[in-house]
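You will see subunit A twice below: alongside subunit B first, and alongside subunit C after that.
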Partner chain A sequence: MIQTHQLCLNYGSSQILKDINLTFKESGVTSIIGPNGAGKSSLLSLVCRLQKPSSGSVTLHGSNILQLDNAKLAKQLAILRQENHIVSRLTVEDLVCFGRFPYHQGRPSAADFEQINWAIELMELEEFKQRYINELSGGQRQRAYIAMVLAQQTDYLFLDEPLNNLDMKHSVNIMKTLRKAASEMKKSVILVMHDINFAASYSDEIIAMKHGEIIHQDTPENIMTNEVLSNIYDMPLKVEQIHGKSVCLYYL
Partner chain B sequence: MHKYIYAALPLVIALAIISLLVGNHSLQFNAESWDILMISRIPRTLALILAGVSLSVAGVIMQQLARNKFVEPSTTGTVESATFGMLMMLIFFPEASVFYKLLVACISSVIGTALFLLILRKVPLRSGYVVPLIGIMYAGVIGAIITFVAYRAELLQSIWVWVQGDFSMILRGRYELLWLAGGLSLIAYFTADKLTLAGLGKQVSINLGLNYTLVFVWGLVVVSLITGVTVVNSGVIPFLGLVVPNIISLLVGDNLRRSLPLIAISGAGLVLLCDILARVINYPYEIPIATVMGIIGSVIFLYLLLREDSHAN
Partner chain C sequence: MQTNRLLLTPKMRLLIAAALALLTITLFMSFNVKASWEFTLMFRGKKLLTFLIVAFCISTATLLFQSMSNNRIITPAIMGFDALYMLIQTSLVFTLGAIQYAALNNYFKWAIEISILVVASSFLFQWLFIKKQFNLYLLILIGVVFGVLFRSFSSLMMRMIDPTEFGVLQDSLFASFNAADSYLLTISGVVVCLISGFIFRYHHQFDVMALGKPIATNLGINHADLTRASIVIITVLIGLSTSLVGPVTFFGLLVVNVAYIVCGTHLHRYLIPMSILTAIICLVGSDVLLQHVLHYNTKLSIIIEFIGGVFFLGLILRKKI
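What follows is the complex of A and B.
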């Protein structure tokens, strides 16, 4: 169980995150939604120890993550950030192999390669295995990054806008994969999502953020109402029932 | 990778043999030839190989630390910082042994390089060309300070001659410190995975459980020591650390476990080639290897820059 305690982040005089108290369960899919600049990505960075909070703390099973051994922590939680400026010319296979680094420290075993191939197959990248990531399309590269963190096989998986650059087919495929990982492998998947319909269809729980604060934490059914959504995004939004599911046609 | 190594290795060995044979004295089977071989030719060829290997390795490590393909120790202030340390020793402790000169040059280059990398962190826009430009300006500022101080101390000529790569004065007993640079390159190879990972950025490294700061400092120390050793011993060869890693990157990518051996071998080969050219172009006189490398290197560098541009668009 990951918990945040009175987590705050300030840049100069501007408050990015204000007193965040959250609990991430040990399994299930959680989506974090909210307008741009709500603090979603910052929250993920703090929870995954990529950045130090101005005050407050994050604990994993009760211990402060900043005091835990970083190498061991890399087997328990993984994060894929929204932007990954990798200038190195690495092949897809090399990149995914680095996802296993916490286990092999540079000497991948047969078992590591099994995981690497599993992740590559899952992301449908077999034919690009030996291609350099800087020579792939945006969507293919995004899938390679996701394969890297999947290969890391952590209990907690944090993905910041994983559907960036992806077409419909691969978006659905990735959401189904993550759903399966949460249900069958009992992993905890935490996503920052912009498409609320994707978030609602695949999540067990939705966290809504605005101005650096948590304003809702509830089931998708309770979040997907005209009132709640309009309040989160500061625009009139209407939820329709289509085939028994709540859908927000925000693009109309 | 193996096919490239099998292709490069015989070529480098051939260049090394040619390097041994080139010179005023044509070798014969007698005592005099043996002495020339042992005292002058073999040390020179070994010095070239060691400098070629270690400067190329230092170049690629610097590129990982700065996360930019267009930097190397001579465009990040590393060489200038080592030179500054050297100059201080020439002014204040001219009688100090080579070891102490080396020590001070290395410490000075660690500090200078660390400062450059700190400046980089403060730069918001870290696009391709900004990083080397900052490096060149930074190196220019330190270079100006060196020139000013050296001018006042009437050491201007000797300091720049010292720094410029020149292997014509290499004799047995006067190059052995370069083995230190070669040894460091070898140790660096054993940390290749960690250096590659550090090159993916701080946050990716932390996520994968790497002690980023430790690896970063290690890379910094390797680059600075190699630069310090070469500055004090043989002088540096411009462009080498830039050109070799970039060409190898095009061939086999940037996974250092795979590319580092090839970078090392190719670095040695290119230096041997440039030195042979420097010795035969104006035979029986020599032109400085830095001049030859400067011309060859800048042409290759321009090609890489233009290629990168067309690639990016």
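What follows is the complex of A and C.
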């Protein structure tokens, strides 16, 4: 179980995150939604020890993550950030192989390659296996990065806008894969999402953020109402029922 | 050509590079011997040792620096490490005077100079990178500014000391490949062994560090510790090479980028030896050229920079960068 305690982040005098107290479940899909600048990505960075908080702490099963052994932590939680820039010339296989680094420390075994191939197949990248990542399209590259963190086989998987650059087919595929991982392999998948309909259809729980604070933490059914959504995004939004599901046609 | 290259495994490429390096070394040691063999081997051997050590220092320092900063076009020289080394020597001569300076125990002197260098760069790093959480680029920028400051201080002091003392200083600052002191070679041997050991133990972590701080942290690397260790290693290597042959800036950039291209992998266990071998071929090869073709009508650094410049133009024209 991952918990945050009075987590704060300041840049100079501006407060990015204010006293966040959250509990991430041990399994299931959780989506974090909210307008730009709400502090979603910062929260993810702090929870995954990529950044140090100004005050407060994050605990994994009760112990502060900054005091845990980082090499062991890499087998328990994985994070993929929104933007990734790699200078090294890597093939897709090399990149996914890095996802197994916490286990093989530079010497991948046959078992590691099994996991690597599994992740590559899951992300439908077999034909690009030997291609350099800087020669891929944006969506293919995004899938390669997701394959890397999937290969890491952690209990907790944090993805910051995983559907960036992806077409409809791959977006749905990835959400289904993550859903399956959460239900069958009892993993906890935490996503930062912009498309509320995707978030509502695939999550067990939605966390809504605004101005650096958590304003809602609830089931998708309770979040998908006119008042709650309009309040989160500061615009009039209307939820409709299509095929028995709550859908918000925000683009109209 | 392209497909042929792809067929060679990194190990084979390394073997080819090693064979080429060996060939250049043999050429260097045995071509056109005029004096007795004993004298030639002694004389050239010492020079060769200097070449090998400098090749190791410059290429390893540049490669680690680039992996650490995730950037393939900067060199440690940009941080002003060599400028600080020169400032330390200048201030020693300035405060102690030439006679006192020359009388100092060589090992002691070197230890002091390197310690100051390591302490200064670690302090800068600890203070800005860990405490203030500045990013690496800001740290490098601050290094650039300090480099200029150090250079200006040295040249100010050089103008103030008397000409004889300046002579002593210049002698130690611009040591050439021909005149490396034996005490320095001994120190170098020890340092090279220690650092090789460290790299042999941790080379796989550098592969991950090159992916950038967020991904490296996610994959379980203790980024702050590894960066701190890298800064110390780079500082010591640059200090060593500067004390052996003076500042060589462009060279590291050249060999490391050649290594990236010919190595065909991102793994440091191949990249490091490949860049060292490239450096050896370049240095020793240029010197053979200088001795036997150009008859010392120019300087080694000019040949290196000429080859480097042509190589880079080629890279840009073929859009490999």
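The definition used in the following text is that the second predicted complex is superposed on the first by the 252 of 252 C-alpha atoms of A that agree within 3 Å, B and C clash if a C-alpha of one lies under 4 Å from a C-alpha of the other, contacts with A are read in each partner's own complex, and residues count from 1 in each chain.
Rule of thumb we're sticking to: contacts are C-beta pairs under 8 Å (C-beta built on N, C-alpha and C of every residue); 3 or more make two chains touch, one makes a residue touch a chain.
Predicted model only: the values in this text are computed from it and were never measured.
Asks: With everything superposed onto subunit A, say whether subunit B and subunit C fit together or clash.
Replies: On the shared subunit A, the partners clash.
Asks: Does the superposition put A:75 against subunit B (first), subunit C (second), both, or neither?
Replies: Both: A:75 reaches subunit B and subunit C.
Asks: Answer with first, second, both or neither: which of subunit B and subunit C does A:52 touch in the superposed model?
Replies: Touch partner of A:52: subunit C, not subunit B.
Asks: Of the partners subunit B and subunit C, which touch A:15 in the superposed model: first, second, both, neither?
Replies: Neither: A:15 stays clear of subunit B and subunit C.
Asks: Looking at A:132, would you say it contacts subunit B, subunit C, both, or neither? Reply first, second, both or neither.
Replies: Only subunit B is touched by A:132; subunit C is not.
Asks: Answer with first, second, both or neither: which of subunit B and subunit C does A:3 touch in the superposed model?
Replies: neither
Asks: Show which residues of subunit A both subunit B and subunit C reach, each in its own complex.
Replies: Of subunit A, residues 45, 48-50, 70-75, 78-79, 81, 84-90, 94, 98-99, 101-102, 105-106, 149, 152 contact subunit B in one complex and subunit C in the other.
Asks: Which positions of subunit B touch subunit A when the two form their complex?
Replies: The contact residues of subunit B facing subunit A are 64, 67-69, 192-194, 196-197, 199-201, 203-204, 206-211, 249-250, 253-255, 257.
Asks: For a test of understanding, state which residues of subunit C touch subunit A in their complex under the given definition.
Replies: 70-72, 133, 203-205, 207-208, 210-215, 217-222, 260, 266-267, 269
Asks: Show which residues of subunit A lie in contact with subunit C when the two form their complex.
Replies: Spelled out, the residues of subunit A in touch with subunit C are 45, 48-52, 70-75, 78-81, 84-90, 94, 98-99, 101-102, 105-107, 149, 152.
Asks: Which stretch or stretches of subunit A touch subunit B in the complex?
Replies: Spelled out, the residues of subunit A in touch with subunit B are 45, 48-50, 70-75, 78-79, 81, 84-91, 94, 98-99, 101-102, 105-106, 132, 149, 152.
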